[in-house]
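Take a look at the structure set out below.
Read from first to last, the chains carry the letters A, B, C and D; within each, the first residue is number 1.
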Amino acid sequence: MSPNIPSEQWAQVIEKQGSVTYKKIPVPKPGPDEVLVNVKYSGVCHTDLHALHGDWPLDTKPFPLVGGHEGAGVVVQLGELATELKIGQKVGIKWINGSCLACPYCQRADEPLCAKASLSGYTVDGTFQQYAVAKAAHVARIPDECDLESIAPVLCAGITVYKGLKESGAKPGDTIAIVGAGGGLGSLALQYAGAMGLHAIGIDGGDEKKKLVEKLGAQTFIDFTKTKDLVADVKAATPDGLGPSACLLLAVSEKPFQQATQYVRSRGVVVCIGLPANASISAPVFDTVVRMINIRGSYVGNRADTAEAIDFFRRGLIQVPSKTVGLSKLQDVYELMQAGKIAGRYVVDTSK
Amino acid sequence: MSPNIPSEQWAQVIEKQGSVTYKKIPVPKPGPDEVLVNVKYSGVCHTDLHALHGDWPLDTKPFPLVGGHEGAGVVVQLGELATELKIGQKVGIKWINGSCLACPYCQRADEPLCAKASLSGYTVDGTFQQYAVAKAAHVARIPDECDLESIAPVLCAGITVYKGLKESGAKPGDTIAIVGAGGGLGSLALQYAGAMGLHAIGIDGGDEKKKLVEKLGAQTFIDFTKTKDLVADVKAATPDGLGPSACLLLAVSEKPFQQATQYVRSRGVVVCIGLPANASISAPVFDTVVRMINIRGSYVGNRADTAEAIDFFRRGLIQVPSKTVGLSKLQDVYELMQAGKIAGRYVVDTSK
Amino acid sequence: MSPNIPSEQWAQVIEKQGSVTYKKIPVPKPGPDEVLVNVKYSGVCHTDLHALHGDWPLDTKPFPLVGGHEGAGVVVQLGELATELKIGQKVGIKWINGSCLACPYCQRADEPLCAKASLSGYTVDGTFQQYAVAKAAHVARIPDECDLESIAPVLCAGITVYKGLKESGAKPGDTIAIVGAGGGLGSLALQYAGAMGLHAIGIDGGDEKKKLVEKLGAQTFIDFTKTKDLVADVKAATPDGLGPSACLLLAVSEKPFQQATQYVRSRGVVVCIGLPANASISAPVFDTVVRMINIRGSYVGNRADTAEAIDFFRRGLIQVPSKTVGLSKLQDVYELMQAGKIAGRYVVDTSK
Amino acid sequence: MSPNIPSEQWAQVIEKQGSVTYKKIPVPKPGPDEVLVNVKYSGVCHTDLHALHGDWPLDTKPFPLVGGHEGAGVVVQLGELATELKIGQKVGIKWINGSCLACPYCQRADEPLCAKASLSGYTVDGTFQQYAVAKAAHVARIPDECDLESIAPVLCAGITVYKGLKESGAKPGDTIAIVGAGGGLGSLALQYAGAMGLHAIGIDGGDEKKKLVEKLGAQTFIDFTKTKDLVADVKAATPDGLGPSACLLLAVSEKPFQQATQYVRSRGVVVCIGLPANASISAPVFDTVVRMINIRGSYVGNRADTAEAIDFFRRGLIQVPSKTVGLSKLQDVYELMQAGKIAGRYVVDTSK
C-alpha cells in the first residue's frame, strides 16, 4: 500500500565545513514515532549558511550533515505510533524537527525552547535530500489544496515572522513598525501584519524597497537612507503621533535597535528576530523604566503557530516571492546568498 | 462643617538646588477637582534627593518647590467636583498627583504614562508640608483601620515593587529572583512576593542582609559578594534547575542586569525598576532571541495597583521597617541618605 | 471666541411614557468638567425605544427626558477644567455620558461598569436636541476627516460590536460565528470582524440577508430558516470541523444561545450582546465543563474601545448603512422601529 | 536491571455494571511510548462511581474494566521511546492517561480537550491494580521527596481545583467564593487558594464545616443553611462590598449557580467544576450583559497544571485529609461513598 521507496536518493551533503556535495546516499528509516517524507521542495534560509560555516554559538551534529529546514513533501512511510498521519498526506519539515514532549516547555506548548529539541538540517539531517525523517507529532500538516512549491518558505520564514507578530502583542488596529520590511522576512511580515488587521510602517532603504513595501500593503514607507530624523518620522506616521505599539526587528544591528526603543510608544514592544553574529541590544534604563518599554526576543513558532501561519497561506492571504532551481544547484544559491545578491527566497526542487 | 484650616503652615521648601528650608508658607487652595489634604506623615524617597539635586533627565517645576510624594493624611477640604471623597477620610498623596484622564494612556488606566501627569514633590508641590493639594480622582484611598505613620512608605516604595511584581508576569508558585533584596525596596518586594504566592530568591551582599532576607520569607539567599558563580547558583535554587521565571532589578547596574538575562529561565522576564543615573541595559541578541527573553521597565503603579498594594498592607501582610523624625529634620535625613547610611525608610511627622 | 450659542433650541422631549414632543427648550449649561456640544446628527437605537417605554429593569431620570446616545457634533463651550478639548472640535456623545473616574471599575478603565455612570438619553438628557452636555473626559474624540452624519451610528452600535469582538478573545485567523449577521449590529460586526483579521460565519434568515452578509465579507452564510442541522453546518464551515472559536449573539433568544454553546469549539467563547426582555441563558453543566465553554456578557465599550472603533471607521474600513431624516420626524422612526420595519440604522439631522 | 515484574497481579475489576471483583489478572505490557507503573496507592474519586454505574453521557471501554485515576507509584518498565523517565522514578497516573499530541488542543497544551484523550480507569484500565500502563509523555512526575500515600488524591482532586482557580482569573489579593468549601474538593481548593495569595469566602452548611473551613484559611465562612440573604452576605464579606472576583462551584446545582451570578462582582467569573447528573446552568441575559459576567467550565488540568499542583504539595502547602484501606476493600469504599458517608478522601493501598 505504501509508495515505492527507493533505497538510495540524491542529497546535498556537508562533508566538511563550507561546502556541499551533491551525491547519492541511503534513504533513512523512520523510528516508531517518526515518518518518512518524500521532500518535493525546500526553501533555502540564512540559517543554512550558518550551518554550513559553523559560525553560530550552537553546534551542529557531526558531519556528514544534510541541511535544509523548509521542506514540503508527502508522507511515504509511517512509524508504528504515527497514527495521526496518512500515507500521501502533504506535510512540512520545519526547523524544530522534534522535541521531548515532556519538559516544562513542551508541556506548555513552547517546544521551540525544549532543551532536547532536534533541529532539521542542523542537529539532525534536514530537507536537502529527497527523503527525510521527521517526528510525527511535529511535522507540519499542509492542507491538500496548498501548492508545495509555494508553501516551502512559509515553513521557516513565514512561521518566524508570524510568531514575532504574535509576540509583539499588537492587536488589530494597532500600528507596527517593521525594520527590514523590504527583505525576505519583511515582505512576509507585511502580509501577515495586514492579514492580522495591523497597520504597518515599513522601514528599509532605497526606491525599489519602497515600491515593494507599499505594494505589500504598508501604510507608510520610511527610507532610513533618506530621512533626517527616523525617530520623529516613525512617530509622525502614527495617528496620534505617539509612535507604533510595536516594532519587529528583522535585521537587528545596534542602531535600528536603539532607534526602536525610542520611537515605539510608551508600553510599546520591541521584538528582536534577526540573529546577526555577535550583536547586542542596549537601551537606557531611565527611559525604559519610565516609558515601560518591553524588549523581547522571538524565536520560531510552535506547532500551533505553524498551523495558523499555514492557514493564512491557505486562504490566499500570503504570497511568497521565490525562485526555484534544482537541488543540484544548491551551492550556487549559497554563493549568491553570501554575496548578498538574493531578493526574496530561493527554493530547491529535489527532483533535479 | 469643614475642619479649621489655618492660612499658614510649616513646610520644607527647596528654594535653591541642593537644600531645603523649614519655614511657614501659605496653605494652598484646592481647585474644583481637587482636595486639600492635611498631611500627617510622609515617607522620604531617593527620588526626593533627585528633585533636590536636579540630576534626572526630567525638569521639576521652578523653585520654590515642596518635595515629598509618600504623604498620608486626611481630607480637610473638597473641591466642588470631589464628590467621591469625604471630609476626614484617610488618603495618600503619591508620585502621580494627577493626570489628564483623557489621553490614550489615561483611557487604558495607564495614567503613570500620561504625558501630562503631574508629579507630587516634583512638578507640583508635594507632601513635605502640613497641607497639600491633590487631584480627587488620583488620591489614594486609605481604609480607616490603617495607621497613617506605617502606611506612608507603601505609597511609593510599596506600590512600585508591587507593580513590578505584576509586570513580571510571575504567577503563584513561580520563583522570582530579587536583586537588592535586602534594601528598602527589596524588603517590601520580598513581602509582596510572599503574599502573592511567589517563591523568592533574594540576592544581596553580606550576612546582615542574609539574615533580613531570610526573615522576610525568601526561600534562598545568594550573597553576590561570596558566590563563585552567581548565574549557576541562582539556577540551582529553582526546583527544576532552569532558573527563575522572572527577576526584579531594584538596583540596576550593568552587571546584575547582564547576569539576570543569563539566569532567568527561557521565556523569563527581567523587570527593571531601579533608576541609577546614566545606566544602560545590554544583552546579546542571539541568546535573547533563542531563549525568548523579555526585558521590560516597570514604573510606578496606577490607581488600581495603589488600591491593591494598600489592601495587602491592610490585611497585615506587609511590615514596613521605618523610623520617624520631625519634618523639621528633613535636611538631616537627606544627608544620611546621601551618605548611604539609611537602612529601611525614614518617615517625617509634619507636626514636629 | 466661542460660537454664538442660542438660549433656546429644538428638541424631542419625552414628557410622558410612550411618546416624544418636538418643542423648544432651553440650551443647557456645562459644568466645570463638561462641554456643550452642538449635536449635528444622532443615530436612533433600540435602547431609545426602551427609554421611551420604560420596559427595562433600570430607571430613567424623571421626565421630561431627552433621549439619544449616538450624537455626533462639535464642541461649542468648555467647562473650566475641560482643557483637553477645543472649541470647534468634532466629538461624539455616547451611551456612557460620564462616570465617577474613581471607583474600582473606573480605575481599571471599565467605566461602563461604574455604579455611578450617567447614561445619555436615559439618566441624563441625550442627543435628540441641538445642544447637549457631556463630560469632557468621556466625550468621544472624532478626527477632523470623519463625516459626522456617517459616524453617528458607530458611537453606539459600532462600539458595542467592536467591544464584543474583543471580549470574544478571537484572534486574527480565527473563525467567529455572528448570530443576527444581517441586522444593524450584525452588518457592523461583520465589517469589524473582517478588519480584525477574523473569518466570519454569518447566521441569519432569508435570501436578502444572505446577499448582504456575503457582500460584507462573511466566509459562509448559514440560513437558520433552511438548515436541517444548524450545529453541524456551523462546525462544517470551519477549516478543521471543530467549530468556531467564538460566537457573537446579537439577538439572543433561548434557541440561538443553546445552539451556540453546542457548535462553538471546546474552549470557545459565547458572547451575549443583545438584550431581549426577560431572556435567560441556559446550558448543560456536563458539556460546559468537559469542553471548557466560556459564556460571557459584553456591554458597551470604554473610552479606549471607542477611540479604536472610531479609528477603524476613519481608515475607511467600516461602512454604515443608514438613512437620515429630520429630528422632527423622530416619532415616525420610533413607529417604524416598533413595527420591525427598519433595516440598517436611522439617523436624525437636528437642524430639521 | 529492571525490577522483578510478576506476570500476575491483584486488581479490582468491573466485570459487570455496578460492582467490582477483587482478583488476579495478568500484568499489562507497555507500548513503545508507554511505561509500566507499580501503583502503590490510589485515591478513590466520585468519577470512579460514575464509571461503575455508567451514568455519565460518555462511554467507558467494554468490560472488564479496571477503574482508578489517582494512582501514585514507581516506574518499573520503560517503552523504547520513554527516554525521559527512569526505572524507579516516582510517578502519578491521572485521569488523562494519554492524548494524540498532535491535534489543535494537544498543540496548545490543552490535551484534556483532545478528542482522542484516553481516560484512566474509564477508556483504558486504571490504577485499581498493582501494575498499570500509562503514556510516558503524560505520566505525572512526582519528586522523590514526596510521599506516595499522601499525594495520591492530589493527582485528580488537587489538580482539578488548582486548574479551576487558574481559570477563574483571580489574581493574588482578590477574593474568591468557594461553594462546597467543606467537602473533599473544597478543602483542597481552600488550601490552593491560600497558597496562591487569594482570599477565600467558604460557603457550606453546618458547624463542623464552618470549623474545617476556617481552619483551612478561609477569611469568612457563610452557612447557607443559616443565612437569610446569601447574596448580600457574600458581597458584604468583600472589602469594597462589590462581591468576590470569582466563584468556584464545586457542587453545582441550580440554586448555587444562580446565586453565584448574582453575588460575583461585575466582570466576575463563575467557574463550574462539579458535574452533577443532568444539571443546567441558567442566568438572566440582561444582568449577564450589563455586568459583563463570565461563566465558564473548568475540566481537569493539563500536564503543566499537574506539575504546578504537585509543586505546591511538595513545598508542604497542601495537606490532604485522607484515610487508607487495602485495595481489597474497594467495594466497601464505594458503598460508603454512595451512602454519602465519606468526608475527605479514601486511598487504597494496592499491597493489601
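Couple of notes before you dig in:
Here is the rule we go by: a residue touches a chain if its C-beta (ideal position, glycine included) is under 8 Å from a C-beta of that chain, and two chains touch if they have at least 3 such contacts.
None of the values given here were measured: they were computed from a predicted structure.
Steps from subunit A to subunit C, minimised over paths through touching chains, total 1.
Interface repeat of C-D: among B-C, A-B or A-C, over half of the contact pairs recur, by residue number, only in A-B. For chain pairs A-D and B-D, the one joined by more C-beta pairs in contact is A-D. Once the centre of each chain is set as its mean CA position, subunit A and subunit B turn out to be 42 Å apart.
Inter-chain centre distance (subunit B to subunit D, centres taken as mean C-alpha positions): 41 Å. Across the assembly, subunit D contributes residues 104 that each touch 2 or more other chains. Within the complex formed with subunit A, the residues of subunit C that make contact are 143, 172-173, 195-197, 199, 239, 308, 311-312, 314-315.
Those residues of subunit A that touch subunit D in the shared complex are 31-33, 80-81, 83-84, 100-104, 107-109, 136-137, 302-304, 307. Residues 56-58, 104-105, 110, 113, 167, 240, 242, 252, 266-267, 272-276, 278-299 of subunit C touch subunit D in their complex.
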